[in-house]
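See structure below.
Chains here go by letter, A, B and C, matching the order in which they are written, and residues are numbered from 1 within each.
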Amino acid sequence: MTRYLLKRIFYMILTLFIVATITFFLMKLMPGSPYANEAKMTPTQLEIMNKQYGLNKPIWEQYLIYIGGMLHGDFGTSFQYSNQPVSSLISARLGVSVQLGLQALIFGVVVGVFVGAIAAMKQGTWADSTATVFAIIGKSVPNFVLAVILQYYIGLKLGWFPIAGWGSFSQTILPTLALSVGPLAETARFIRTSMVDTLSSDYIELGKAKGLSRTEVIRKHAMRNSMIPLVTLIGPYAVALMTGSMVIENIFNIPGIGEQFVKSILTNDYPTIMGVTMVYCVGLVVILLITDIIYGLIDPRIRLTEKEA
Amino acid sequence: MKFKKVLTAGAVVLTSAAALAACGSNNSSSGGSKKSINWEESAEIPTMDISKATDATSFNQLGNVTEGIYRLGKNNKVENALATSTKVSKDGKTWTFTLRDSKWSNGDKLTAKDFVYSWRRTVNPKTASQYAYLFEGIHNATKISAGKAPVNSLGVKAEGNNKLVVTLDKRIPYFKLLMGFPLFNPQNEKVVEKYGSKYGTASKYMVYNGPFVQKGWTGSNLSWKLQKNPNYWDKKAVKLDTINYSVQKTPSTAYNLYQSNKIDAVMLDSQQTKNLKNQSGYTLRNTAATFYLQYNQKKKLFQNANFRRAISMSINRKALGNALGGSNTPADSLTSKGVVNYNGKDWSSIVGSKEYSLYNPKEAQKLYKKALQETGIKNPSFSILSDDTDAGQKTTETLQSQLEENLKGLKVSVSNVPFKTRLSRSTSGNFDVVVSGWSADFADPISFVDLFTSKNSNNNGKWSNAQYDKLIADSKVTADTTKRYDDLEKSEKILLQDQGITPLYYKTEAWLVRPDIKGIVYNGAGLNYNFKNAYVSGN
Amino acid sequence: MNEEDLKLSPDAFEPLTKDEREDSEKIAGPSLSFGQNVWIRFKQRKAAVISAIIIILMMVIAFGSTPFINNSTLVKSHPQYANLPPKIPGFGAINGLNGKLKQNGQWVDAYAQNNVPKDKYFIAGTDYLGRPLGQRIIYGTKISLIVALVAAFFDLTIGVLYGVISGWKGGGVDNVMQRIIEIISSVPNLIIAVLMLVVLKPGITSIIIAIAISSWTTMARQVRAETLSLKNEEYVLAARSLGESSSKIAWKHLIPNLSSIIIIQTMYTIPSAIFFEAFLSFIGIGISAPQTSLGVLLNEGQKNFQFLPYQMWIPAIVLCILMIAFNLLGDGLRDAFDPRGQR
């Protein structure tokens, strides 16, 4: 296990290194300069400014400096906020996005598992159909549309939850709901399908034949086996939540990293774009590693194969 | 039975969340003492360092938390702030300001030296201030920014604690207006040195001398507040205790917040403008900005003046204004409306003429055919470049639609890119037609017409006219005000006659501001919002 | 009943005639291929069949409209008809479909307000330039369908193939292939899209390339995981030990067993591709004018939701119908391919 882990971590670092390299050079291809007012600056000023940002050096040297800095957690200085290190911009906002993402993920998966399980157990009844239709609609509506609807009807018309902002727990409810609908619907459908499969398999029949109660069968056999494939979905969920958070954070005025990312794209703030990209990558790679480990833990067949590798 | 247990646990979490939410919404209502207002800002603050600020958000903050020689009052009227009296030499090149005794928010005494320090810091090429060009005309400023003269040779010096003497290389007709712009406000050397590179990157790394002090801005967050400054020299005139700021990027969210009394002012998008025109609190803000088309003069098609005129005449500016929002008015001049009042008339109506904003598809078609003959181009096509903002996209889409419909055979494509990409593509001449906007730094026509002199770096299309250049140069040296305005008038008329640029609209923002908030001073040019005397009326 | 009570004697049993004996062993139905089986099972699922019809209908309308709705129709504006709500002949009594719009809590006839001729009808209303929304929705559906189909195509080709090979081969091959996937999927697809829009021109091509680069990784990952567990199944082992070729095993045993995961995943790709496109237009870098897509229309609509709700609802409903149809079709296909999960 330790050897496997070490190996995985080595690959992770390799991945991140490659991603950093690719993004770095791609950013260099992008047009536009960090300056809002380049036209009005004297050559001397430009020269000094380029020096401050390290833009006067040859690209390969800039690259080495960038990679070197990154090892110390230094992503350079933001172009849009003067003198703000990218790392502090990110750290100020990362927590918010992580909280929002986790809330949405947990809420979505937990509720999704229940909805899916109920649908599978009550197969063919109205509960099943309702859950299915609900799940499909949940998947069909883009979350920014949903966010707007929630904000208008629940936030403004009914006044149940705050319309926007960040700070109190109540302010997190609408964005969490809007963000969690995707994973929720996805999970519900996945669990339903997977449980219907499982419920018709031999060992479930055996369990029933042994005289186990229905709940016992479901708890001991069906649930566990149905949930295994769900783990593989967590990676894609994480990606979807990251993308989703950019939109949701924008609509709900949430000072998160997604909102920061969109802003930095729109202002050509390359150091921030690269920094946030790297943070996303690290997050994603770690999540993938964790899901693989979990997968191995709950499904012994996988562990064997991984050791072969 | 675990299944059920978890289910109930989930339900408990949900209900408690709802309960929490209920508490939350109860105590966040904005009742109580009405000495605070909740304002919206459309973007984050990039910096609070006077020497590094480039954008409206930063300058709006700085204008309310720092104080300079003058403060802009209603209708661009310059009012004494730290200055108690001003003396100008006969040739207009030496200005002597007498300053009152005042303090920084940390208790330090504010002296004329703080001005000298601040100005030197801004023009110092090491600071790389992107706004240093506004110092042009102050003795040696341009040379210093170019690294060709020592910083301490700048034409500003302190005589004792209360006298500031400024020497100019040439007369600057709008110098007083400049002195009301936050860029020229003082900075506290001790504080700047103390915080080093952190200076101006958060509320706590700043020192203030304006009507308010800033609290709670951490560098990139979306909400902060301004609080009354107890050390302000004129604190009696300041009536608000707090201004709560929040950044609003989604117009519908902002309007929802306004409707639920969470914010007191909201900028409206196009549809909101149309529907809320008759609401109380509907306020128009003339931003002193003009949007116009620049043509790349390197391309044969755009060298043809008839072609440019044909484009201008195929644009239905009223429909464009409606698409963008009910409040933008069709532009028939470069200099925006409400910038300068000259001889009782608005400058834009002096230089502008209805013919420059006329929608005349028939005439346009004629000119277009003529232009095609003259240039020998058979299948004309070009691309319009603009921002990727909502307004930018609507502008290009509307123009594309109008041009293709009115000029038969013309193919127009659109290209919407991020603001800074648009800027750098404009500067490097990588475009056919670009939608540009210019907002006056100070309320004088020169702020606009200077843009299109042959060598100006904002003249992206490289339109060039010798007579125009000469008139502008003349206007800068003459001591005669009437002649100066004559020159400026003639020059702008040349530009418009030749359609060197095609004016589209004057940008006017539509806002809903709670009607009981009074005393806010808004100016399109220079410092936009002055909250010094703002108050909430009793009822 | 006790056995003794029956009092059975050998006489009670008669041997079967030869014909009868063979009858009981005979397989009555014709021998069906895998494909025929799938088709029969699919036909039994009414919802799936209806969905398939809806999807085909939408495709026919969307793609069939090409001669009628193209750049030059899309570019035409009628400022005098801007932002009119839906008005359908014969629906005069139903608010929302009769040209009336709620303003300050009251239903106002927007057509009369804007002096629109009496006989002018816009079934789905108009947008801010007075262009018929119905026209734009049909065009938008076409673009969104193209994006979806392209994504599904890459999923089914690159994604499935990659996953099966990676899972089946295992060892070093798998390792390298997984690292490549990790790298691709560690770069947010937004970044890829943004770069494409810089290198190429903004528009459908860049979006398609961005999707081609990034969309199939999830499919590949899932197929691989499933292949890993499938290849240890008894029947696969049996086939292997019987000397079946790898490709035959893949086709005969793996694909049918993978089909449920493949179909679910494809059905997940389609909405996410449409969402991805919608998301790009939300941050302002999607399809460029005068072209449009459901995403662009939805984004436009959500901005004016409070005042012109129809501009969001109509494209949203179209998208929902499309999505529901795809999902039900997916369900039907899955059940048809993988009878184990049949209800």
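Descriptive notes on the structure:
In this text, a contact is a pair of C-beta atoms (placed from the backbone, for glycine too) under 8 Å apart; a residue touches a chain by one contact, two chains touch by 3 or more.
The shown structure was predicted, so the numbers you read here are calculated from the model rather than taken from an experiment.
Two chain pairs, A-B and A-C, are compared here, and A-B has more C-beta pairs in contact (counted per touch definition above). A comparison of C-alpha centroids places A closest to the centre of the full protein.
One inter-chain figure worth recording: chain B and chain C are separated by 47 Å, centre to centre, where each centre is the mean of the chain's CA atoms.
In this assembly, the C-alpha centroid of chain A lies 37 Å from the C-alpha centroid of chain B. Centre-to-centre separation between chain A and chain C, using Cα means, comes to 23 Å. Chain A has residues 30-31, 148, 152, 265-266 in contact with two or more other chains.
In chain C, the residues that reach two or more other chains under the touch definition are 284, 302, 305-306. For chain B, residues that reach two or more other chains under the stated contact definition are 252, 256, 388. Contact residues on chain A toward chain B in their complex (touch as defined above): 30-46, 48-49, 52, 80-84, 88-89, 92-93, 110-111, 114, 117, 148, 151-152, 155-156, 159-166, 168-171, 173, 215, 218-219, 223, 250-255, 259-260, 263, 265-268. Interface of chain C with chain A (complex): residues 170-172, 174-175, 179, 182-183, 185-191, 194-195, 198-199, 218, 221-222, 225-226, 228-229, 232, 260-261, 264, 268, 271-272, 275-276, 278-279, 282-284, 295, 298-299, 301-302, 305-306, 312, 316, 319-320, 322-324, 327-328, 334, 340-341, 343. Residues 11-12, 14-16, 18-19, 22-23, 26, 29-31, 123-124, 133, 136-137, 139-142, 144-145, 148-149, 152, 186, 189-190, 193, 196-197, 200-201, 229, 232, 235-236, 239-240, 242-243, 246-247, 261-262, 265-266, 273, 277, 280-281, 284-285, 288, 295, 299, 301-302, 305, 308-309 of chain A are the ones touching chain C in the complex.
Per the touch definition, chain B reaches chain A in the complex via residues 1-3, 6-7, 10, 17-18, 20-25, 28, 44, 46-47, 49, 52, 54-55, 125-126, 128-133, 142, 145-148, 197-201, 218-223, 246-250, 252-253, 256-257, 259-260, 262, 388, 418-421, 423-425, 427, 430, 457-458. Looking at the complex, you find that chain B touches chain C at residues 251-252, 255-256, 269-272, 274-275, 316, 318-319, 322-323, 388-390, 393-394, 396-398, 400-402, 404-405, 413-417.
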